[in-house]
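Shared between the two complexes below is subunit A, which has subunit B as its partner in the first and subunit C in the second.
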Partner chain A sequence: MKIKILILIIIYFISFFNFSYATNSEKVDKISKNLRCLICQGQSVYDSQSDFALSMKILIQNKIDEGKNDEQIYSFLKNKYGEWIVYDPEITKNTFLLWVLPLILFVFGAILIIRKVSIK
Partner chain B sequence: MVKNVKLIAVIFIIILSFFILLKGLNKTNNYSPDLNSSKIDFNFKAKFLYSNKESTLYKLIDDKDFSIINIWASWCLPCREEHAYLLNLKSLNKFNIIGINYKDDEINAKKFIKELGNPYSKIVIDPTGVNSIELGAYGVPETLLINNKSKTILKKYIGPLDDEKFAEIKMIIENEN
Partner chain C sequence: MLNQIGNYSLYIALISSILIIFQSPILLNKKSINVSGRIFSLISIQSLMVIISFITLIIAFINSDFSNETVYNNSHTSKPLFYKISGTWGNHEGSLLLWLLVLTIFLFIFTITSKNLSNKYRILTLFFQEIIILGFLLFILFTSNPFMNLFPIPNEGTGLNPILQDPALAIHPPILYLGYVGTSIIFSSSLAALMSGSVNKTWAKHIKNWVLISWIFLSIGILLGSIWAYYELGWGGFWFWDPVENVSLMPWFCLTALFHTILILEKREIFHSWAVILSITTFSLSMSGTFLVRSGILNSIHTFANDPSRGVFILCFLFMLITLSIFIYFFYQNKIKNNYIQTYIVSRETAVLVNNLFMMFFLSVVLIGTVYPIFLEVLNNDKISVGPPFYHKLIVPFMIPFLIFMAIGPNLNWIKDKISKINLQQFLFFILSIIVSFIFLKKIGVTYLFSLPLFIASFFLFFITIKDFSVKKTNLSQKISHFGFSLFVLSVLVNGVLAKEYSSNMRVGDERKFLNKTIKFESLKINENKNYQSLEANFKITDKNNSINLKPEIRVYNQPQTITSEADIESTLYSDNFLVFNILKNDGFYNVRYQIKPFMIWIWISVILISFGGILSIVKKNG
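Take a look at the complex of A and B:
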């Protein structure tokens, strides 16, 4: 039994190891999914076939070939096009409420449930 | 009493969300690009349209005080409309006007210049559109007014030039001097 579990764990980690080697085009897909296509509202760069998005994908590919990591590519594009280009908003004064509100609601809900349970 | 408080709270929340929605509807959520961004990277290489040589943009802009970088393509109709303004800007003799030929067929691009005249001191090609993204561009036509000394973008125009923008460019360079 123990051996079976051990084997399963080993397989699990091997598969994990393999997945961490994403090919370049998968990397481009991953990054472009997180980028807003600025000239086609509501689409990501990954989804869009506009000239802007196509060029953007080539640019991302080039940056990866140059050995840049994800963070460097995002910050390069933020520098050119502003914060808006990434889907994941950073915590700033303006987005503070956006990040904190769900947390507050979650805690509030938890308090409600706990109170209801303890009353019963 | 407790019931009343609950009722008032519910009504209050409904009214509040109504006003939030109303306010949200009036606000345009469309992205408007930052037109005064001053960050620019001149260090990418690009090929010339009329020769096989390469140059960095940095080298192209250093003889006059101001430069205009115009991103255009022969397939772009608004570029055709704005071309007369570029020729007028050239006649002011105050800028290096650099054309970036965006995702274009070279033969068509040369035809376009032959037909409408050449306002550009240099034309580089951008077959993949990557160079334009390095400049922070969105598409064609787009025009950047650059101060050569400080290497900053003074103004960015998305879309074709018109009388208003032409006057503004003139005004900006007079103020800068």
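Take a look at the complex of A and C:
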């Protein structure tokens, strides 16, 4: 009986281990897709097989294992390598126009059309 | 010898260009009935000369004539003949010569197909087109001459970048250029129409063909590039929002908007100014595209041939053309007839305006996303990257209303329609789309914020475009293109949510389980080829019912020394099996990436359908 319970516990932990491993590697994929491989020409860390990208993936894996969440990892990388490394620029003073300009243009165009057509 | 022929032909073309530019104003004042024989023969001579110089360059490439610097830099005797030829435009100098070739040939075609139009309009178009040609000739002759001599003559060339040695990429640049350069005719002719006060129905009818031709070539060109990226870059994606890809997408948005506007202009004689503005913008975008790619200021996977100093020339030239066109626009704007016809809110006209609004929005997202980092770096010295997440966040939410408008718009009448036209039938289709999307997403377990509305909108468009085939009101080519587009959106979405990927490090003999499949690394062998060695792997993918073998390769090219991975793809109507492998440092291990990409082939088919609609429209009109 005890042996059975022991085996069950071991299986449980193994499955748990596998499970958590799987989600972690998915997390690495998700994060590394958003990172630029700094030594490549326009490739993401995820897509690249360069030394930089490989060590980057290990680094992300370690950070996840340490229990860091996505945002902590991104901000760590940004501090280390600069904004250049992330493909998804945050809205800051510098990037405000980048995000807002297209929207302004859309609203402007929509107003032009509404003024042009008659609502009857 | 060949170099001299090529060089002198270009100089003769240059002289013809200058002669035409100086003769056109004189001819304008004369009341001659048609473009005079002299100008026509000058244009013919010019085209002929450019054709000769282009053929000379091709011959130099075929013969591996290393006394030519361009050939020396981009070719190698061991290269297969096909890639020797395609190497002609696989480099900076050659690709510009190709631009020029298309420019002159298009002008020639324009001259012989516009005989029934007013003389003033034709001469002005020739004039503007010749300015562009002159600019390119000067650029080629003085900054990037493909006929530079090399002495002493080297025995062997340095070779062509192996990832360019590919059938899709061999024909991708010429096709794309036909699209890009087609917009130059639209540009010249819109300025000419503006100056001669003939922005009207007749002009719209005439220029519509050119818009369509450019649009078709651009669509197919983008498609080819995309297919190439899919199997050659080895990541299994087909669109990376890479700057160079974006640059080809921008004129496409603009051309699509222009085409719809031109249709309205032809039917209803409204939106004259807007059509002219779009024509100017389209060409400016094509030119800036060339500038951005050629100057090398973009950090991109596609920057194969670039040189910053040359960029300055194109930038100045571009700036001059844009300034010129803005001046002409404001100076002659009053010549545009203003029909103060009321546009009603529920009408086909409004639908086209809405289409234009969305096209301009997508264009602005792509344009700003592409150039913003460049400006920020210059102004602030801050480097940022703008990648796929940015484009998805801004474009996806707007796709939803866009798709719904696209479903409803083409069913509206011209001039004025009733709101009740958005009728029961469409409402039923909408309910159906909600149910289908809901069941579909529930089944695969996707719960992203936008996925449900996005799927509803695209299923709605899909059903409506199918239904529209039974309606007689609109023409067949439109139905095919619109259906193609709905199929495209749907395939991209389904592909996005259903794609599965597995990546692992494996040795020969290893076996891995993935979903319900087994991936077995069976064997590895070395092949010797003419200009590369390849390491060919054999993977066996087995699931319950059947098994397939995939044979990806790693190629080691000798000239220049480069390693490329060639994915092996098994395409079926339902899904693609994509497998690629890479060398790792640890002995005997390879990084293996296996992907299942559902409905991949439908993405290609749908783009072909979209373009086919355009081809049909041209053929039907002229047939």
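Note that in this section the second predicted complex is superposed on the first by the 96 of 120 C-alpha atoms of A that agree within 3 Å, B and C clash if a C-alpha of one lies under 4 Å from a C-alpha of the other, contacts with A are read in each partner's own complex, and residues count from 1 in each chain.
Going forward, a contact is a pair of C-beta atoms (placed from the backbone, for glycine too) under 8 Å apart; a residue touches a chain by one contact, two chains touch by 3 or more.
Source: prediction; values computed, not measured.
Asks: After the match on subunit A, would you call subunit B and subunit C a fit or a clash?
Replies: In the superposition, subunit B runs into subunit C.
Asks: Figure out whether A:Gly109 sits in contact with subunit B (first) or subunit C (second), or with both, or with neither.
Replies: Second partner only, subunit C.
Asks: Identify the partner contact of A:Ile39: answer first if only subunit B is touched, second if only subunit C is, both if each is, neither if none is.
Replies: first
Asks: Would you sort A:Gly82 into first (subunit B), second (subunit C), both or neither based on which partner it touches?
Replies: Both subunit B and subunit C are touched by A:Gly82.
Asks: Tell me the contact category for A:Gly67 with respect to subunit B and subunit C: first, second, both or neither.
Replies: Once the two structures are laid over each other on A, A:Gly67 reaches no partner at all.
Asks: Tell me which partner touches more residues of subunit A in the superposed arrangement, subunit B or subunit C.
Replies: C
Asks: Given 45-53, 99-107, 117-125 or 315-323, which part of subunit C has C-alpha atoms clashing with subunit B after the fit on chain A?
Replies: 315-323
Asks: Residues of subunit A that sit at the subunit B interface in one complex and at the subunit C interface in the other, please.
Replies: Touching subunit B in the first complex and subunit C in the second, residues 36, 41, 82, 84 of subunit A appear in both lists.
Asks: Taking the touch rule as given, give the residues of subunit A at its contact with subunit C in the complex, in rising order.
Replies: 29, 33-34, 36, 41-44, 47, 49, 82-89, 94-95, 97-99, 101-103, 105-106, 109-110, 113, 116-120
Asks: Over in the complex, which subunit A residues touch subunit B? Could you list them?
Replies: 36, 38-39, 41, 51-52, 54-56, 58-59, 62, 79-82, 84
Asks: Please give the residue numbers of subunit B that touch subunit A in the complex, ascending.
Replies: Against subunit A, the touching part of subunit B is residues 30-31, 33-34, 37, 39, 102-103, 128-130, 132-136, 138-139.
Asks: Inside the complex, what are the residues of subunit C that reach subunit A?
Replies: 235, 237, 240, 242-243, 299-303, 342-345, 347, 349-350, 353-354, 356-357, 360-361, 364-365, 368-369, 372, 376, 380, 382-390, 393-394, 398, 501, 582, 584, 591
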